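Before I ask anything, here is the structure I am working with.
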């Protein structure tokens, strides 16, 4: 026991910051300020959750994945199939999406344990590609390129039907996002989360500390898959449709962009990136989809070369200067 | 037999496009997902010259290669070299940005449909040999591909440039210490890789098609070749391409239900058993 | 005499190259055992074999009388074997306290706890702080690792190994890259470790080796040339010949 060391700072490190409370007021405020745009805001919440799921494996554990859409898509289809089969309760659908996606994540996790970053890229892309090809082939089940229809959702908790204005959907998405975010926040501030950062920063040192690295990676990869699956399930339930591009490479690539734009390794980066990206996409891509993609590519190159920490990185620099 | 022949042709095509990616990855440790964009560039140059300016097909090929090599040199000098020391994630992000830009540019100039290609009559048609239907074009592909593979092997093993290249791949610092201009080697190799990709892209229009989504549609294939063959390895790329080409075509022919899977299964199986690829060196990162 | 760490006919081949050639070592409990030899002799390879980072081509590794040859690295750490690296392998973006707390968490078996925060496990933090205090690192506890001088980083390297409270400690050139005055302090710290901790040390600085070690093994081209007490090694003409032309101070 050290008598001269004050561990208060360490003990308080995981406490919620005032700014965080302020941040989570925003979705509530948005409900009242933007009643016309609830559909877009729901999509932002869903993408934010998807981004958080990638941040867990990439920003914290350092697993470079270009195929995270695999789990999003699996969750989306699972929720869709469940609803089609008549089990339209939303919570049940999400649970199913999470479990199925988590299972796929767990089964494929051994592929990302070995090899270099390139191997991981390959393998994650490969898994997502295989799933895309499967979905395309199994038209009877998935609807193939035309997508899955007939996704009828029952009212949430038997009370709140998904209305045309998207009010129920919005509250539902934000609530799910918040609960899962809160859980993820606990996890990244825990000893487990600290060990993930250790794995990302120096994977060779970790076994020398007694860490079963593979077990930790499998756990976080599975968790990331569960989160992504639930996000996919939310998409299905709020749009009552599953398009095959939930499994596409573009979706994985765009998610990576969103996360990097917002800043990896902070959880909030994913949410910020999603909000900004989706808003810009909504207003700019109507003008011309090609221009959108071109400028997106340019933005990505710019961020990588000059603003690598993303928005969160910029905010941190500003905070340091002000401190 | 015909199927086998088609598989070989497909493999050779894959090899042409992927070998540049393999060498630049092995040499500069740079994950360039935009490699397919250079192939696409070669394809569009060929199509424009052929359809608009009536340049003979065979003459379009060297022009396509030169254009792509120039583009490669410019991009390498201005952008790529800033990221040589960066993390693979950063390189991936950067090259995805380039892919997005190239796709939208192609869309803008050429529209999002497939490009029609009119082959010269010499290369059309088939003939019968040893019980198999040999397409003239596929035969042409194989001949060109193998000739290039031999030429590359000679370049790497038998010339001074090749020796510099091998030294720079093995140990850039020591190579610099020996007076080898490693930067020049990088640029030259990158240009060569993109030129070959462009050749593959132009030659591949007949078999792979050409539309603005080309870089995304096929990047997985190129990366699989590199992952299975081991990066930085010409022989490995050739063998991996042939294996994958044959497996893919035969798979699709004999077992259409899962045909498209076969190459992914081959990749996953290889990476499980040998994460560094069939001929790669052990992973140090 | 009990042996804390032993190897039996340990061999490691990389293709045609024999890095470790039939090495048999017996390191007594509580020993201060040094491993010396010219560059390229295979000393780090041997350490890597002992810790499980590399799998041997043949032979076995025995820790506290149990065969651990098939055991992965992290399990050997749990059995009491820790090491430091020749070049620092630290967590650049973590603070010093975070790094050592991470190591302590693993030892306490709470490394996988995911519900309560790191801060809630005050016991681990206090133990980490205590270790930092012993190594004189308390003043930089909240400094980011990459911002520190190399000498202090080297201390963190040792702290990470000590956090495991090992019974057998493998030190791979602990003073490498550290200015001479600081390396004296470093060795003072190592010398003050409890006597029941067995130490195997790779070092080039002969001054430090002869002051610190009670037994020395000489490794040449992957094989043990000789093993004896320091006085005998110093007098051995074969050892002198192996080092002919090599300076005794790095």
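Note that the chains take the letters A, B and C in the order they are written out, and that residue 1 is the start of every chain.
Everything that follows uses one rule, which is that contacts are C-beta pairs under 8 Å (C-beta built on N, C-alpha and C of every residue); 3 or more make two chains touch, one makes a residue touch a chain.
Treat the numbers as computed from the prediction; the structure is a model and nothing was measured.
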{"item": "Shortest path length from chain B to chain C (each step joins two touching chains)", "value": "2"}
{"item": "Nearest-to-centre chain - CA centroid comparison", "value": "A"}
{"item": "Farthest chain (mean CA position) relative to chain C", "value": "B"}
{"item": "Inter-centroid spacing, chain C versus chain B (mean Cα positions, whole Å)", "value": "47"}
{"item": "Whole-Å gap separating chain A and chain C, where each centre is the average of the chain's CA atoms", "value": "41"}
{"item": "Centre-of-Cα separation between chain B and chain A, whole angstrom", "value": "33"}
{"item": "Chain A partner contacts - residues on chain B that touch it in the complex", "value": "25, 31, 79, 82-83, 86-90, 92-94, 96-105, 107-108, 216, 220, 223-224, 226-227, 231, 257, 260-261, 264, 267-268, 271-272, 275-276, 283, 285"}
{"item": "Interfacial residue positions of chain A with respect to chain C in the complex", "value": "1-2, 4-5, 7, 9-14, 186-187, 189-195, 197-198, 201-202, 204-213, 215-216, 219"}
{"item": "In the complex with chain B, residue positions of chain A that touch it", "value": "58, 64, 66, 111, 114-119, 121-123, 125-127, 129-130, 133, 137, 249-250, 253, 256-257, 260, 290-294, 296-301, 303-305, 308"}
{"item": "Contact set on chain C toward chain A in their complex", "value": "51-53, 72-74, 77-78, 82-83, 85, 89-94, 97-99, 101-103, 105-107, 110-122, 124-126, 129-130, 132-133, 138, 141-142, 160-161, 163-164"}
